[in-house]
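Naming follows writing order (A, B, C and D), and every chain is counted from residue 1.
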Amino acid sequence: MNGIPVAARLREPTQVVFLALLGLIALGWVLVALDGGQFLTMESVVGIQQRSAALGIVAVGQTLAILAGSLDLSVAYLISLTSLVAAEIMAGQDGNIVPAVAAVLALSALVGLVNGLVITRLRVHAFIATLGVALIIRGILDHLYDGPAGKVPESFQVLGYSRIGPVPVSALLWAGVAVVAWFLLSRTRLGYRIYAVGGNEEVARLSGIRTGRIVVLTHVLCSVCAGVAGLLLASRLGAGAPTVGTDGGYDLESIAAVVLGGTALAGGKGGVAGTVGGVLLLAVLDTIFNQLEVNSFVKDVVRGVVIVIAVAVYARRTKGRSA
Amino acid sequence: MPRRKATVAVFAALALAGCTTDKPPAAQSSAPAASTDQTGQGSGTGTQSKFFVQADFDAQLAMRSQTPQGPDGKPWEQAITPQMTDTKTFKKDGPYHLCFSNAAVNNPWRQVGWKTMQAEVGLHKEITEFTALDAEGKDDKQISDIAELQAKGCDALIVSPNTTATLTPAVKGACGKVPVIVFDRGVETDCPVTFIKPIGGYLYGADAADFLVEKVPDGGKVLALRISPGVDVLETRWSAAKTVFDKSRLQVVGVEFTDGDAAKTKSIVNDYIQRYGKIDGVWMDSGGTAVAAVEAFEDAGLPVPPVTGEDQQDFLQKWKDAKLTAIAPTYPTYQWRTPIIAALKILKGEEVPKVWNLPQPKITEETLPTYLQPNMPPLHYALCGCEDLPGFPENWGGKKS
Amino acid sequence: MLSMRGIGKSFLGVRVLSGIDLDVTAGEVHAVVGENGAGKSTLMKIICGVHAPDEGTIEIDGRPTSFGHPLDAQRSGIAIIYQEFNLLPERTVAENVFLGREPVRRGLVDRTAMEQATERLLDELGEGSFGPREAVKRLSVAQQQVVEIVKALSVNARLVVMDEPSAALAEHEVELLYRLIGRLRERGVAVLYISHRLREVFDLADRVTVLKDGSRVTTHPIGEVTSDELIRLMVGRDLGTYFPPRSSGVGETRLSLRGAGNHKLRGIDLELRSGEIVGVAGLQGSGRSELAKAIFGAEPFTEGEMTPSRPRSVREGVALGIGLVTEDRKAEGLALHQSVRDNALLVARAVGGKDRDGVHDLLERVRLSPPRQDQEVGYLSGGNQQKVVLARWMTMAPRVLLFDEPTRGVDVGAKAAIHDLMRELANDGMAIMMISSELPELIGMSDRIVVLRDGRIAGTLPAGPSEEAIMRLAAAEVVS
Amino acid sequence: MKRALPILAVLVVLLAAIAFVNPFFLEPAGFLAFAKRAAPLVILAAGQYFVIVSGEFDLSVGSLVTAEVVIAARLIDGEEPATWPVIALLIVIGLLVGLVNGVVTTKLRVPSFIVTLGMLLVLSGAVFLWSGGAPRGALSEGFRAFGRGGLGPVPWSVLILLAVGAAAIWLMRADFGKTLMVAGDNERAAALSGVRVHRVKIFAFMLSGLAAAVTAILLGGFAGVSAQVGQGLEFSAITAVVLGGVVLGGGRGSVLAAMAGAFTLEALFTLLNLYGISGALEFTVQGVIIIVAVAAGAVRLPWKFTPRKGDAHAAS
């Protein structure tokens, strides 16, 4: 009972997801070897990171929203919008990078603010509120853009393409966002309060926490993460694209990754580490499928089953402990 | 995904890049991109798309009358006004390992094409390995896929880009390492050895519009149905049609987006029938919902006016059964055979066209019987060029008849 | 430090408190005792800022104060420890203790400081069984209580209000509580201690205030009263309240238990007979509600015999003709957004009972006023809500009906109506078991009273025992 | 009925606005055409209602509709005699998918949001895996008749809608509906009254699956085979239900109001179309209206006296 090691702060599902990740890598190794290929080549390791960076960043933001007992279905459209805003403002000019990044961050923060205020002030269920905002952004996108637009200067594409050894810059960005979020959750008052609000809003209120403000802030942060993902994608694509967010399925997939990482959908429980594991798990799964050239329909089936089983396992563990 | 039948010529793409730099350096997010066509109360065709490039339009229409070079009866090996390019530097001995980065297989057109390509690969014994990655319609994944494929020791890389501008950097990156063949949608670089495409979207849109201009009496009301806004390659089809309609005496009473949803299409057509009493022609930017549009007239108990469709079996069948006045411009799926053929030519050091313009026939009342294949599934594309391939028709979902 | 004068409070026109005076001095353990419904909880909620009083004044250190929010009370140095803890199970001890007021250094939460401070407080309380980094969900109930107390101390509370703190604790854990309260007193913290358990009151308190029917009866230094006197002061009210006449005759045995038990109950022998109302007394945590739920099948017995048979589920219980009127109407009894009719017909619908038209008569029979069937239950008074629950069970004409605190939160008129109904049902041949912490009710209604203590039957008393007799059995420690 | 009043009022206003622009709408044929168009979504919303009122979500209905249409096309393959057996099979599949959703949600205690999200992925993957990526085969004329044909001037889909609506209302008045409501409102109280909460919820999911099957039959009939027939329908259905004043979280709202919500949504689309709001901005308008409607708590009648909730509950 006494002297709980720091490691215990890694909540159980986090361990499960990383164990599952190791298991999956081992399994992938065997399968790909049987198929006559090599699994963890330099390219596939880089590929895993590249593939997971954008989803990873969105999922980190989504983690915050879900921890606070909310969720955000508007991220996919926001990503498309921010990629376009970034590319259009940059317009191929190095000098425009800073204003473009600033505009994207401001815009996404604004969207998050709207999400948060609609949920807390107008008391609309997060599901409906963010779905509504998603529709609003979709209309604006459709109205303003005919297709990919804008141009990202070469220097900004460093973000999407360069790498340091086996580590792409985009993965570093993701790691940075994750570390910041982890730091926020574990070392700042805001983080503590996000857990409190998601865990039990009444307890949080009785402890003097302004719960509404916390929810709004997490939505701002979640949207900003989506904005950062939009920037990353703009740099990858060299332009903004009105369908990049929805094609990537970043809304439901980010929620799936968060839940796969052991964060409870009801909030208050989980963390960024698990989400990182969840995203990596999905990316490794993708890589195995890629190596084996499995068609995308099988992938969907496997993904769906994996997500449900994972959450069922977490539910079982929780039950076992409380009994 | 509606972005199915992509086509942008390299120069169109380059012009597009030019177009974006022409834009005012947008200072805020609301910097208006050229707005899409507004659907006013029968106010006509709206403003022209920013994607419209007159020179490309003219070039494509000119190709319509030119005779393609190449073997008869094998349109996938033919080319229109080819500018050959030398490939000796890529020459190497077989066997070959070909790689393919596919944008997606998420719609029937791509499904038919993908099966055709696989069958084409099966024809060539010298291809011992064929690695294909499906980007599932995600630009970001396709960029990673292209990078991953370069590491697989491919002798040639075929790319069907998910979007034009956004895949350019990835393709550029690959060009230095292997011969790259791009088809369907283009990229904004001329580094690929060859770019394979049918003539293009302007021709598609113009073929359909010309037909209506011819068949619909002056002053007739035409409804234009588009899949969705914000899809670059579909813009060319519409902008060409718009150009044609603007010169005609037809009245375009509406330009509507259907999301490629048959039910929505039917509802929209129904609304227009109610509002205007009579619609004299229907223009469509793709065929997926053509049958639904026709059925809307049937269900309303009205004669079906001249319509445009595509080479999908269900439309061709409907055309025959209901004796429609119709035309089906095509964006042929046989283009999926050409990249394999091109890759082998390149690896054998034979010259290939730099821009490989494939013929882009339209199905007319006269040619309808040739293309109609009742044993094929409803969403099969007639111009697959796959009839002579092994496994036909079962692999394409058809029945032996 | 705390001084209250003339505090009064009403809910929906029902007077709950009137003219309460209460003084608490620093370093004092002040016990507040009284029956259920005497107004203790309301008083506590006023002290802690949950409710605002309708009349009267509160002074802290001589300064008049009014609390609009629990936080105001907290800032004034008052902390409350509820029966249900306000803790986040997923978070650590230290995080819970400093929730909402985390220490910050250079913009970051100073976890070290937080954990050290928690550790220090835990040490001061002599608590070494867990550390500040332990997740609260891993702690026992007693340990969670310690966390609540540490939380109170960390805000430098000068007055800690404890509402039935021992209710959820096992015997050995109560020792820990004693020690904690001792430490609080040493630190000069005042403790307002609400309990039924007189032994605790005598062990801990410096002074004791007795509440009855919303008024203060008396305040005494503990040395000046005996437990018998205290019991008399608490309960010694005029029993002139009307109760329906007792049963005319007891019939066949409807249900009997032999050595029945489960995780909470041991060796229960009990018979419920037609026409008889059996009262069940016991302190909180003695297993009263668990007994009802076990008989009913919601938390089934795992050992012993029950005839006609031992239900393993609610549906089996219902099939045996057993009904349960639960203690917590809002959490376990009613679907608050549904209509009276839908709530009343719930059991009939759940088990496929046929008689639906009778519900109107039933609602009239339970004297629902007005007997509107389409009203949302959430808008009814507590008494009417209880009548709806009762009607629900009457639809299936049960052989045995179990009542858990049937008149809690019910106004006087409805109370009498419910009592009448219970007797009526017994006279119609039903076997009735009634759990109540209101002794006069128990005495007035029961044909026989079973007293539970620590999950066992401590004794059975015939009709009309004295309240003292019940209390002695229930809280045996006092006299033994 | 009373709970459905506000949304019915909104619906009447929208319908009036449509009729103002398009007088044909007032004629029986015009209105029937609208009802026919709305029928699939209304039926789907009715199914979704059961799940939502029990406190759960069903995100799988959209891909279920697509799957059903693809299955129908491949199995019928244009053969008239296959129509009825395949329709029976579709209904079984719908019920089965609901059963799995319900069992995993209740017995394995996985949040229904996740369960049905997983089901969405599994269904869309599995059906195209089976059909080889694109729909194949064809629907028979008999099958199409449900979406296209009619009994005299009345479309079959309207008749089916009426039957489904009546059945849904009847179900909600029957024991099942009442216990479902209570299970969504207070699961514990329901269980302690002998309600088999798990079974009731599973049944709700099965109803949603059944509604998806019927929707698939109507949509497939109306518009033919398509690979994207069900795309986004799950969100439309949930939106419609919520628009009808049904509360996410369970226990409140009527099925009539949910269906009226679906009608309203459909009327809104029609209206935006008629007034020539650009196809692009349509979504924006839709998003704003949904948020505003839900924020306004469209359910509560302003003129109906109800004591403030806190007061009544505080005293109990």
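In the analysis below, a contact is a pair of C-beta atoms (placed from the backbone, for glycine too) under 8 Å apart; a residue touches a chain by one contact, two chains touch by 3 or more.
From a predicted model like this one, the values you see are computed outputs, not experimental measurements.
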Sort out for me whether A-D or A-C is joined by the greater number of C-beta contact pairs. A-D
Between chain A and chain C, tell me the centre distance in angstrom, where each centre is the average of that chain's C-alpha atoms. 46
How many Å are there between the centre of chain A and the centre of chain D, using C-alpha atoms for each centre? 30
Can you check how far apart chain A and chain B are, centre to centre, with Cα atoms defining each centre and the answer in Å? 34
Residue numbers of chain C (touch at least two other chains): none
Flagged in chain B as touching 2+ other chains are 36, 105, 229-230
List, in ascending order, every residue of chain A touching at least 2 other chains. 142-143, 295-296, 299
Pairwise chain contacts under the document criterion: A-B, A-C, A-D, B-D, C-D
Using the touch definition up top, name the residues of chain B that touch chain A in the complex. 1, 3, 17, 20-21, 23, 25-36, 49-51, 104-106, 131-134, 136-141, 143-145, 147-148, 150-151, 162-169, 173, 228-233, 235
Touch list for chain A against partner chain C, complex: 1-4, 6, 8-9, 11, 187-189, 191-193, 195-196, 199-200, 202-204, 206-209, 268-269, 321-322
Per the touch rule, the chain B residues reaching chain D in their complex are 36, 38-41, 105, 107-108, 111-112, 114, 229-230, 256-257, 259-263, 265-268, 270-271, 274-275, 288, 291-292, 295, 299, 314, 377-379, 397
Note: in the complex, chain D contacts chain B through residues 22, 24-25, 30, 33, 37, 40, 73, 131-138, 148, 219, 222-229, 231, 270, 273-274, 276, 278-280
Which bits of chain C are touching chain D when the two form their complex? 11-12, 14, 298, 314-315, 317-318, 324, 326, 329-338, 342-343, 345-347, 349-352, 376, 378-382, 385, 392, 409
